[in-house]
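Okay, so chain A shows up in both of these, paired with chain B first and chain C after.
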Partner chain A sequence: MKAAADQEVRRLLDRPSWPARRVAVWAAIVAVLLLAPLVVTNGYHLTLATNVIVTMILTFSLNFVIGRIGLFSLSHAAFLGVGGYVAAILAQRHGVEPWLTLPLAMAASMAIAGLIGVPVLRLRGFFLAVATLAFTLFADVFARQATDITGGAYGITNIPPLTLFGLPLRGPWMYEVAVLALLLSALVLENVRLSRLGRAILAARDNEAAAAAAGIDIPRTQLAGYVLSAAITGLAGWVYSFFHLTLNPFVLSLDITFLWLFIVLVGGLGSMRGAALASILLGVGPEMLGFAAAQQVLTAGVLVLLVVLLFPRGLGGLVEDIEARWRRRPATGDG
Partner chain B sequence: MAEALAFLRLVGLGKRFGGLTALADVDLEVPRQEICGVIGPNGAGKSTLFNIVAGAYPPSTGEAVLDGTRISGLPSHKVATMGVARAFQLVNLFGTMSVAENVMVGAERHDRLKLWQAITHLSGFAAERRQAAERAARAIELVGIGHLAPLPVSQITYGQQRLVATARALAAEPRLLLLDEPAAGLAGPEIEALSAAIGRARDAGATVLLVEHNVDFVMRLCDHVAVLHFGRKIADGPPAAVRSSEAVIEAYIGR
Partner chain C sequence: MEFLPLVVLSGLQVGCVYAMMALSYFVIINATGIVNFAQGEWMMLAAVFGAAMLLAALPYPLVFLASILAATLISLLAERLVIRPLEARGADINILVVGLLGVLVVVRHTTGLIFGREEVRLPGPFAENPLILGETVFVLPQTLFVFAVTAATFIALWLFLHRTSFGRSFRIAAIDPLGAQICGVDLGRVRFAAFAIGGLIAALLGWLYGPLHAAGNLMGEAPGVKGFIALIIGSLVSPLGALVGGLLLGLFEVAAAFYIGSLYSEAIAFVMLMLFLFVRPQGIIPARWGSG
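Let's look at the complex of A and B:
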């Protein structure tokens, strides 16, 4: 009797991270995404899809920082800019092999995150938001003013495309690269969530005193999560540069930062599914309705209000509730 | 002088907060695998003593030495990785996790980050998780909350939450277990389960320092009791001797 209960607890805590069901669901989603260009042949739709996928990579990573680590940080546009510009400048100005710029772009984003993370992550809440936003503003000004390095307001154009077996990767092929980058990002974040480090990150968010008493070095743990998130954002910037083959300070504008923040809020804090749904909704919705880019932020703002009022746990929470009802058992989330 | 030094030694420990002296010149020796209780009226300095040993803040004077290594003044997480586990007076659970996950965080070794292992689930990931899950399961069984394991901690009673906090500390299989009022808010049978769990943790090798208001609980469980009053130690010895000490009776009942 006692041994049976003991076994039950062990099973609860030592579950395989990737049971067959989860592998099957992920494989199905990835297969659909990879095969989509066979059906979606319209170039405009593919561009839209690629942009949504880059947005997903970014919002997964931002959601990890805001929802899981619990740090209200607005510096991700800068990390994306660093990754994108490092890739673009090295490939276009210095003739570096485009594939080789991938590790360099990610490393640059990580280095910047480490550099600003050490002083800034001591701050909490509103102060952290302001400090990280200031850094994004600085990156924006730098990209516009340091014309010799960044090309100023016009940015970097004529970036050489990635090549595979001598063939340039454009259009649908860059879409496939974006899907693979999304898969890699989602796998890394999901694995971290299911690891000891993931539990430590959540523990530090839930209760700092108890986390420290359990031996968790909170500043180090949170910095590691922040730098990891910057690496993934740098990857998104790298994909962006080689998809559009041009890069300008638009990616560093506050509109974009707030659009991403709204997507995370609409999706629901900590929910990857929610962030994916919100990225599609806010990435595709306004375009399909024929809104201009500036109205995208407005639409997003209205959606945030609706979500906060109607489903406080975001689209992710909504999906969870529906699933729970489907299985006829109460949801585990706490309101 | 004793041949072997005590496992936990507090030497001239004192703490001032501004003009308030919360703790003054406290010496205490806790031998290995002993259960030592610290009691005293409200405001006697029990929690201050506890917080210093756990690394919540440094002492103003004196030091705390664990097995020959000074631990006072080190940050909490460093103290924890040296084999000290703590259960708080205010329960302090991880509010969005289940009972099992709370105890799992206590069972896991957090001294190294192992980012690569977290990303890939390789290089010892499965073995480390299995070992931690076993420690957590043992601790959950020890305090008798196996039936609560899958529940979110927000859905259990206050008394049960206290037991979870104790299980989380036990799961680390610590060398020194610090329990801040572990029996507060517990019903009779829960107190029995708790006493048994603490006794078994001691048998498994832990030294226990606990602060408690429930004098009966302390007298029955502890090998050794120290009494604080206005920040000073006024008695220290086996429960029976402390119970009959004039100074203690005076502190508790008044003249």
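Let's look at the complex of A and C:
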């Protein structure tokens, strides 16, 4: 852990943040994702692909909190729910222009995260886990029972779609919006990683005392990271609402919380590539094998047990090992 | 005001469920320092096994004992297969939490896969006609059973931890493992006993909570979280904390549900947790009472 952290810091200082090769790889991935609807025309596959994209956004943001900040938060499903419900309720009940709900949904997620974060982020270990879990449990029950506000167990249906130049964005067009949201999230997180805030977060994770001695305000730094990840989670909730045009309390159930946490761990802490791989594997795998949605979290649970017991570095670690062997040089812990 | 006795009775009943859950967390924390988040699932397993075996027309006493035994054994299996290897590797505490949540999810959803996801009725050991105590006051035999078992469990556990030498070695094993070993404490035995007693109390709770609620694979969700919250409210170092914290949380929740609205009763656990963690992190019960 220590050696890996040292290497990481050295790498952050040494290398230019966006070498040409890296830009090319990112551009290629985005191009493939954007052009995918030309090949994937089946509506079911498109829904699956969009769900995987949304899962990736969520996984990136949770991975940032868990892997980078080092806080094992179990409250992100609640932030997803806040973003999704704010967007859905404003657009469907109050006739707010759907595009306008984007900043509102993100702001609501951030506000809740800030409110919860101030007391909760001072906790660690078991206490942080139970406090964030208790909050998600509350949010879940609220969404189910506050029927006047959230529509109860049936949730909110008939959400008006986003429109562009008077045309409603549905199916493949909404998929493109999801891809753009993914790109935005990845770019923001990647740049934050290399920014002053990102380095402060890393320093606080690896050695709180030394970081504090170097003048880093740890609670504020971690809260900033937490709120940033909540904003991205709120964005994912917004995309989810306007893709499915219906939203129910399932999005903020404890199962979803566990599923994400497991996807992040299966992917490997702090590894963006691992997170993307695990999102695809767990988003598509169980569906392809004909499992029901409820078995998705069971599959993730079995995998996470295998990972924590046998492969603590997850899929991301596996990819690094393969890459290192390929290049005949030691792995760097690159994310 | 006329419903006050009923609210109190019902609050105490919910409180007993949280208190039993808190006791099962407490035994394990007390001896090993581990918060086993899967505790709620052993309760669920006992109830689901019980309901399934009763459906197969097996005799009630046999079903009662067999379901509790089976759930306890599975809890020990989880300890052996997941918790111990992680500890042996010296895994980070957060990774341990993830492993425990992994156990929770796998147990919960495998049970759903095998026994179905519907909630089924689990008949309690006594008849179901309420005992009328007054115009608006009545109590179910199951409620009295819940009170009696919780009280008995608490007293038995208290006597075991404070009045037997094996029980006394639990606390020292968690505080100073090396020193405990020097004094002749068998850490392996303490650890096994702690997880066994913790699993047993949780499994027993299946027969208290199951008949009040219903047996189903998701029934451990809320009590599992709230049991640990109750323990934090009470005190992490005393069985009395588990009891007081559980009863208090139950009373507050039921009172809030009755007088304000059920929506807000769910926020009570989170709010009380935050309040205690920041205002009185040692819990209600002073630490020195724990060492009686």
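Methods note: the second predicted complex is superposed on the first by the 316 of 335 C-alpha atoms of A that agree within 3 Å, B and C clash if a C-alpha of one lies under 4 Å from a C-alpha of the other, contacts with A are read in each partner's own complex, and residues count from 1 in each chain.
Just so it is clear, a contact is a pair of C-beta atoms (placed from the backbone, for glycine too) under 8 Å apart; a residue touches a chain by one contact, two chains touch by 3 or more.
Bear in mind the structure is a predicted one, so any value in this text is a computation, not a measurement.
Student: According to the stated criteria, A:Phe142 is in contact with first (chain B), second (chain C), both, or neither; which is it?
Tutor: In the superposed model, A:Phe142 contacts chain C only, not chain B.
Student: Of the two partner chains, chain B (first) and chain C (second), which one does A:Leu261 touch, if any: first, second, both, or neither?
Tutor: It touches chain C, and chain B stays clear.
Student: In the overlaid three-chain picture, which partner chain does A:Leu38 touch, first (chain B) or second (chain C), both, or neither?
Tutor: After superposing on A, A:Leu38 lies clear of both chain B and chain C.
Student: After the superposition on A, what does A:Ala203 contact: first (chain B), second (chain C), both or neither?
Tutor: first
Student: Who does A:Ala20 touch here: chain B (first), chain C (second), both, or neither?
Tutor: So A:Ala20 meets neither chain B nor chain C here.
Student: Given the touch rule stated above, what does A:Val130 touch, chain B (first), chain C (second), both, or neither?
Tutor: A:Val130 sits against chain C, while chain B stays out of touch.
Student: Applying the touch criterion given at the start, work out whether A:Val308 contacts chain B, chain C, both or neither, answering first, second, both or neither.
Tutor: The second partner, chain C, only.
Student: Per the contact definition in the header, classify A:Ala300: touching chain B only (first), chain C only (second), both, or neither.
Tutor: Once the two structures are laid over each other on A, A:Ala300 reaches chain C alone.
Student: Note which residues of chain C are touching chain A in the complex, please.
Tutor: Residue positions touching the partner: 35, 37, 82, 85-86, 91, 93-95, 97-99, 101-106, 109-110, 112-113, 117, 221-222, 225-226, 228-229, 232, 262-263, 266-267, 269-270, 273-274, 277-278.
Student: Please give the residue numbers of chain A that touch chain B in the complex, ascending.
Tutor: Chain A reaches chain B through residues 2, 5-10, 12-14, 17, 188, 191-192, 194-200, 202-203, 206-207, 209-218, 220-221, 224, 228, 332, 334.
Student: Would you tell me which residues of chain A are touching chain C in their complex?
Tutor: Counting only chain A, the residues touching chain C are 66, 70, 72, 119-120, 122-127, 129-131, 133-135, 137-138, 141-142, 145-146, 254-255, 258, 261-262, 265, 294-295, 297-298, 300-302, 304-305, 308-309, 312.
Student: Sort out for me which residues of chain B touch chain A in the complex.
Tutor: The touching residues are 54-56, 75-77, 80-81, 85-86, 88, 92-98, 100-101, 104-106, 108-111, 113-115, 117-121, 125, 128-130, 132-134, 136-138, 140-141, 146-147, 149-150, 152, 154, 168, 172.
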